[in-house]
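Labels run A, B and C following the written order; every chain starts at residue 1.
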Amino acid sequence: MMEFEKVVGIVEAALLTADGPMQVKELAGLFNSEEMDDKDSPRVIKECLVELEKKCESRSIELKRVASGYRFQVKQEYSEWVGRMLKERPPRYTRALLETLAIIVYKQPVTRGDIEELRGVSVSQNIMRTLSERGWIKIVGQKEVPGRPSLYATTKVFLDYFDLKSLNELPEISEIQELVLKEAQTVENMIVQDLDLEQTPGNGISLAQSPDEKVSESNDEQSNVVNLPVNQ
Amino acid sequence: MMEFEKVVGIVEAALLTADGPMQVKELAGLFNSEEMDDKDSPRVIKECLVELEKKCESRSIELKRVASGYRFQVKQEYSEWVGRMLKERPPRYTRALLETLAIIVYKQPVTRGDIEELRGVSVSQNIMRTLSERGWIKIVGQKEVPGRPSLYATTKVFLDYFDLKSLNELPEISEIQELVLKEAQTVENMIVQDLDLEQTPGNGISLAQSPDEKVSESNDEQSNVVNLPVNQ
Amino acid sequence: MSEDSVVAHVGGNPVAELPKDLHIPPEALRVFIELFEGPLDLLLYLVRRQNIDILEIEVAEITKQYIDYINLMESLEIDLAGEYLAMAATLTEIKSRMLLPRTGEDEEEEDPKEELIRRLQEYEEIKCAAGMIEELPRLERDIHLLSVEKPVIDEDIPEVEVDLKEVLIAFSAVLRRAEMFSKHQVEYETLSVRDSMASILTKLNLQDGYLSFHDLFEAEYGRMEIIVNFLALMELLRESLIDLVQTEAYSEIHIKVVNSDR
């Protein structure tokens, strides 16, 4: 049998050089039966992972478990400086793409028709293509309706990319709205307060205006004072 | 000024994520003048490197100095196990590398500047080196513009690897978008090998699936290559 | 003149057509409509702007506002996606159906107003979820993976395998991105229109309630800032907090605070 210290070192070395997250099973597979007892291996590997997690405390990296296994990644507090170093600009995603993704995340499995129904607009080929190319979504079957449209669902690649172990880590869709609305109201209140402060007598701003109100200073018949567009 | 501990952490994070060796000057460049005094920086960075070297004693990596700078490398004593891992999990090329290769294939002969323009980001030296070492690209001349940048093209080795008699066998640019739509599904199935167990319905997240909705899980050959549904 | 055909008030008098000499660039209005992800998004904006709960919407009022916007766009010959027009038809239908007494047979069907409310609620949930996903830490942007040099390995390590399809897919991604850069594309921005409304009002108050149009659109402003400023201006006009004043055709437009003291 191999010394525990050495096993930890090997697991660390593997995780540091692996291309993507590794599962306990895969890590155990690195050792032959002389090095590690097969039936003990899951327990030993897990002990290694705990040990590595502890060692990370004094480092700038952390051991993280995501959907497809364990991986080392830079701690959030150092990410700013690493970002300065990167040559590749991270891709940005449009609202249309994010909304489509959100529907697939929360309503899966869904057809393209379902997505269009929910968003009230047609979904561009490009969005579905980008999501497929990134490996974030996949076809999981066909809906048993005329035309048998494909049903889409998210993948482990999606979870790994967004640093998630499972979809359960995401808030319920109804909770998000409450969070967002609360925030929006606070901002709204702040703006209203702002306006109140500036509403000094003399040049006050009225939130309601009667339609027959005359505009002072514009006695000139020629002047065009235009309110656009109307809703009273 | 930043605490020394934090500086060490940043230098560690940078060296662990960089895709090649880094010079003292480059490492110092990560800090702004409020974080580190310019004239002190070479000394501070060198102190960091000494500190990191010391910390490596209890780890499976070591800090190495090579011609073009410093880098972390897995200690030689772990090479056997890292080798076993690579056999089990052959690494994949990054998107950046594949995109660079694709541009050279379709736009050859091209300069690095041309590639950067198309990708919208700079292309790392490392990518060009990997592609050259693999024998897939070579320099075929210099462009007659200021700086006389090198022109890259693909090689016979490239054609052989992809089992092509000539570049003419590749689909036209106009055909690619259509092809990709079909192929994205198959490639994506290769990336995502197993169905995500944690993503089955009834797991916390509201899955909008009416009980009478049938999902056909056809695993036959046909279902692997699926056209995105046309709007029904 | 019927209320519905009014597109603007001039000096307090309703007019059905925009004055030809007031230059609101149609391009800017086009940008305005492009800020929305579709008719549901525009409707939601109209509802939320009034600070009312979706459950309490008044179909007649919302329909009117929605159709005002659509008419304005059409009068400026801005092409609207078919979905916008379809929604206008749906809204009108709901409005008229609500005027009719309900017969027993109708109970089988979903109340059209409830259906609209449900769609708006669902869409708002999706919109919020999209915002939440955008904020999640993610690879490439917030999370950085390690790239440590491997030790020298004695055994033969198989070369990285690449499928030709992967190269083609990569190229298609490049092409699409290049396309995206060249086309007119509105990015997802967090700059708030309301914020800008507040700052325009602040500026106005500091300058005795009178500003030149150009003061809000200085050259050094970014495109997004100009758009947001423009939207804020539209919104202030719509809420009758400011007026645009132009003393003669083609002269400079001024913005003035609407004076509420009489």
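By definition in this document, a contact is a pair of C-beta atoms (placed from the backbone, for glycine too) under 8 Å apart; a residue touches a chain by one contact, two chains touch by 3 or more.
Computed from a predicted model, the values in this text were never measured in an experiment.
**Q** Select the category (line, ring, star, complete, other) that matches the graph of chains linked by touching.
**A** Contact pattern: complete, every chain touching every other.
**Q** Out of every possible chain pairing, which has the most C-beta contacts?
**A** By contact count, the leading interface is A-C.
**Q** Where the centre of all protein Cα atoms falls, which chain's Cα centre is nearest to that point?
**A** A
**Q** Using only Cα atoms to place each chain's centre, name the chain farthest from subunit C.
**A** It is B.
**Q** Between subunit B and subunit C, what is the separation of their C-alpha centroids in Å?
**A** It comes to 37 Å between the two C-alpha centres.
**Q** Taking the mean of the CA coordinates per chain, how far is subunit A from subunit B in Å?
**A** Measuring from centre to centre gives 21 Å for this pair.
**Q** Report the inter-centroid distance (CA atoms only) between subunit A and subunit C in whole Å.
**A** Taking the mean C-alpha position of each chain, the two centres sit 23 Å apart.
**Q** Multi-chain contacts in subunit B: which residues touch at least two other chains?
**A** 13, 16-18, 61, 74-75, 77-78, 82, 86, 91-92, 120, 177, 180, 184 - these are the residues of subunit B that touch more than one other chain.
**Q** Indicate the residues of subunit C shared as contacts by at least two other chains.
**A** 144-146, 148, 150-151, 169, 172-173, 176
**Q** Within the complex, which stretch of subunit C touches subunit A?
**A** 6-12, 14, 18-19, 21-22, 24, 37-41, 51, 64-65, 68-69, 72, 81, 83, 87, 119, 122-134, 136-146, 148, 150-151, 169, 172-173, 176, 185, 187-188, 192, 194-195, 197-198, 201-202, 205, 208-209, 234, 237-241, 243-248, 256-262
**Q** Looking at the complex, which residues from subunit B come into contact with subunit A?
**A** On the subunit B side, the touching residues are 9-10, 12-14, 16-18, 26, 30-31, 55, 58-61, 74-75, 77-78, 81-82, 84-86, 88-89, 91-92, 96, 120-124, 177, 180-181, 184-185, 188-189, 191-192, 195-196, 198-199, 203-209, 213-218, 223, 226, 228-229, 231-232.
**Q** Over in the complex, which subunit C residues touch subunit B? Could you list them?
**A** 144-155, 157-178, 181
**Q** Along subunit A, where are the residues that touch subunit B in the complex?
**A** 9-10, 12-14, 16-20, 22, 26, 29-31, 55, 58-61, 67, 74-75, 77-78, 81-82, 84-85, 87-89, 105-114, 116, 122, 125, 128-129, 132-133, 135, 138-144, 146-151, 153-157, 159, 165-168, 170, 172-174
**Q** Would you tell me which residues of subunit A are touching subunit C in their complex?
**A** Within the complex, subunit A touches subunit C at residues 13, 16-17, 61, 71-74, 76, 79, 82-83, 86, 88, 90-96, 98-99, 101-103, 105-106, 118-122, 126, 129-130, 133, 160-164, 170-171, 173-174, 176-177, 179-181, 187-188, 191, 194-195, 198, 200, 202-207, 209, 211-218, 220, 222-232.
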